[in-house]
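One chain, chain A, appears in both complexes that follow, with chain B as partner in the first and chain C in the second.
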Partner chain A sequence: MVQIDKTTENDITTLSITGEVDASSSIQLDEALGEVVNHGAPGILIDCSGLSYISSAGLGVFMSYIEDIKTKNLRMALFGLNEKVKNVFDILGLDQLLTLVNTKEEALAVVNEA
Partner chain B sequence: MKHNISVPCQKSNLQRIRTFVIEVLREQQLSELEVHSMVLAVDEVCANMMIHSNKCSPDHSIEVEVITKSKHKVVFNIIDRGHAFDITKHPEPDINEIIRKKKKGGIGLMLVKRIMDKIDFIHKDGFSIVRLTKNLHPAG
Partner chain C sequence: MSKKGIIRIALILAVFSWLAMSLSDIIILFSRMSELVKPGIGHYFPDIFFILYALSLYVFYQYRIEAAHSSTFVDLLWKIFVTGLLTTVVSLLLKSLDFVMGNTSLLQNPVLIDSMFLIHLGLLPAFLISTFIVWKRLVLYQKTKLQIKAWTLFEYLLLVSLFSPFLPTVARAVVFYALILMGIFLSANMKWVAYLNFKQKWKSILLLILTQLYLAYFYMSLFDMRKTYEFLVVAQDSVFILSLLIFTGIYATFSLLVILFNLPTSSVFEQKLEEVVNFQRLSQSVQTEQSEKQVYEILLETSVRATKADAAWIEARVDEEDTVFRHNIGQDVIHNIKTYITSQKDHNPFDFAKTEKGLRPAKHLRKMKGVPFNSIVVLPITIAEEHLGMLVLLKELKEGFNKELLEITQTFVNQAGISIEGFRLMSEAIANERYKEELNIAKKVQSRLLPNVLDANDDFEITAFSAAADEVGGDYYDSFKINDDKVALIIGDVSGKGTSAAFHMSQMKGVFHGLAQLDLPPAEFLIRANRAISTSLDKTSFVTISYFVLDRTEKRVEFARAGHCPTLYFDHQQGKAAYFTNKGLGLGIVRNNSFANYVQPREFTYQPGDVLILYTDGITEAKNFKGEEFGYDRLAALVNDNARLDAPGLQQKIIAELYEFCGQTDLDDDYTTIIVKFK
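Entry: the complex of A and B
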């Protein structure tokens, strides 16, 4: 249901999410993001261009790492969200708590901002 | 029209429920965004019932009924025989508190409340029914 690919280049790890993140598949996102937050590069890009659906279980994964990202002084940006997926973040005001941008270039600019 | 589907309480079946709801709502001339948000709300209630009321047991099942009799509203009944949990009495959590405590759950019902116009909980003859009502704004 969901596929998560990880690539690391210089100081930036990109997680590309393809498919649907719901209560059944959110564990995969949790494991992948947890690994990057705890052992990965200081810059984290989340490529959501292949993400077709997200429920609260997926939102919860992102929310649960906000504190760790702050404490560890990491930077994370999500990009490429389609309108429906973006709307789910907006409904709860998470667009104010996470960095959501349109393109990879904008996301890179955010994580490179020291 | 009344449409319904019944699936075993395994989280892997949430996708079947979403596909079913999308297909029913596709006939309603609604915007994609509106359909998507209703699918999400139903998914959240079903996930909640499967996990909390039925412990994801494949021996238990959950039924979703979609009633599209009126152009002005759609009603979803999500029915199970699990341990009754009245979601309308669930207090709304504080998002900042969830973040501070690094909790991964607790926001599904917030989404449902934001999306739907009315949420009712009915417990009758051993069945628990969560009834979601959405007022519609048909395109055109």
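Entry: the complex of A and C
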């Protein structure tokens, strides 16, 4: 069960993920992220402060857009991950490929850097 | 005895008794004429043979004429008609002989007249008894206990009446009136009439009239003869024949009248019957392997017939396609009507989202020009809350659809919905079955992918445990003996579940066995494995593994981690379990050469008593009823406390603790542990 809200402001799109991302709800995440990556603003913020759990299917969604983000010269940052969720990203090694920060301000700084 | 045998014997007996009756009667007549010769036989002989004749006829017809079914009513009447025709024709032939010969002396011969009479006395009971048996079948159609009792009594009384020549006059009168009364009472049972359709009713009327004509004819000819010739004595004043004649006559008359009065309403009954049949067709369409399309076709046909609509159409989605089933109406007319009605201001019957459920008659069609229809009604076709389509019925008459007709049509529509739901459930069940079958195959494949025994040497003991939440899991572990001193060990988790996970797992096994024998350092193993497996993983899939090489000569373990859960290690000397913190990246996440940048190989030397604990995230992420995870700390503490146990002992401890923590025996995820205890 997951809820994904999208807001766009000054060339930055924010996706707020609330709930759990498992095998079935990862489809929603995939749709939302795909939309933003392919047709959205160059800056992408993922607000994970409401994300309580993410399964390997959910991680797979993030992983599948890493290449696209790089080729399209987009900037994406995830923020507000709780310890458990952060750990899941870390173990898989995604922390080395994605930008994971604590606060929205840090994330904005990363995205605005370019 | 078989039915055929009984019929045959009864027939033979009937013929024999008739011959005996005739012969004895003629002998008696002879002796009476001459007055010289005493009859060698008693005068009661013909009467006794007549009784025997009647009884054999009863048995004959009882077995010959089968029980009534709604389809055989007219056939039964037809049987009477044929018997009547035969007997009357024979009788008329004999009479015409009489007529042709005129009043010659030969015909005045009492013996000849008696013979004629005896032939009639043979024919009449045959006709009467066959009619009687048919009436019995009809009276007892849909019988009740009371009716059976009444009928049995009636038959016993008839049996008594057979012996009337030997009864005193009073008794004869009592039996006669009792029979007439009972006959009238029983004649009230004619449920069969209701089941005749219009055509059958007319046939029955004709056959019944003819039957009555025969009865009248026989009555007159027989009693005429008796009146004319006093010497015709057999079965004289027979209560049996008379009451049988009256009963058959009464029942025929009653039936005739009832059928006559039922004629005007028969079409309603027929329609009701047809509705029931149609209803059955709709509900049976699921079982007879028909398609959704055919259900709609049946629905259209039955609705048109039930409501006598002049035109109709059904709109529905069949197999993902908008389909229109039409009856007596063109596509363009449908389009015109829809456009016209939708353009009207008041409620639109085609808009199902806005208006309430149920019937939707549209009043304004009357004003529409160019179409002959004046009434229209729209019925939505739904299952549960899902809207499947609609049925539209049209009539040229104004206000042509009454409530009753629409109610029955509504039940047709409902039944069609149920049938279609049945189809869908059935195809879902079939798909599920196929899916299960597929999973079974995957499970079999997977069970062969995991080794039964892991390679070990004198330096360590090893044990593994794995369980899958689904039929097919994504956990993988394996070992390979590189040489006498080196053993390669792998644990992994394939993202996703089910068949695709099993498929990727088998690929991982191929990669492992292909690369392990090359005796590569763990980092190199991961780089090559990433290259090998990336090509076959879909975009969102990855594989996490940890790869170990246990070297006996140097008492050293080299390992590298690709996104898999950090390895837990119990150091005997320090008496403490801790996780290795080297970084790593899952296989298939970076599908190019830069993957090498993310690999951090590690190595350590082992001492006796040290324990290496490998596991998958099913263990650390297992939740209890509060939603808490089993977690890394709990696992480490557990190992700390129980590290002195041997490998199987420690493993059992972990599994037991895990189940206790979760409070249930089935976990949501796959979980695997491998315990390596060094000695």
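As a working rule, the second predicted complex is superposed on the first by the 114 of 114 C-alpha atoms of A that agree within 3 Å, B and C clash if a C-alpha of one lies under 4 Å from a C-alpha of the other, contacts with A are read in each partner's own complex, and residues count from 1 in each chain.
Keep this in mind: contacts are C-beta pairs under 8 Å (C-beta built on N, C-alpha and C of every residue); 3 or more make two chains touch, one makes a residue touch a chain.
None of these values were measured; they are calculated from a predicted model.
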Partner chain(s) touched by A:M1 [first = chain B, second = chain C, both, neither]: first
Which superposed partner A:E83 touches (first chain B, second chain C, both, neither): first
Chain B or chain C, by number of chain A residues touched: B
Chain B versus chain C as contact partner of A:A41, first or second or both or neither: neither
Contacts of A:L108 with chain B and chain C, given as first, second, both or neither: neither
Partner chain in contact with A:S24 - chain B first, chain C second, else both or neither: first
Which superposed partner A:L98 touches (first chain B, second chain C, both, neither): neither
Partner chain(s) touched by A:L59 [first = chain B, second = chain C, both, neither]: both
Set intersection of chain A contacts, chain C complex versus chain B complex: 23, 26, 30, 56-57, 59-61, 63-64, 66, 84, 91-94, 97
In the complex with chain A, residue positions of chain C that touch it: 493, 495-497, 539-542, 544, 562-566, 583-586, 589-590, 598, 617, 629
In the complex, chain A residues that touch chain B: 1, 20, 22-24, 26, 30, 53, 55-57, 59-61, 63-68, 83-84, 87-88, 91-94, 97
Interface residues, chain B side, partner chain A - complex: 11-12, 14-15, 18, 32-33, 36-37, 40, 43-44, 47, 50-51, 95, 98-100, 102-108, 110-111, 114-115
Touching residues (chain side chain A, partner chain C) in the complex: 23, 26, 30, 56-57, 59-61, 63-64, 66, 84, 91-94, 96-97
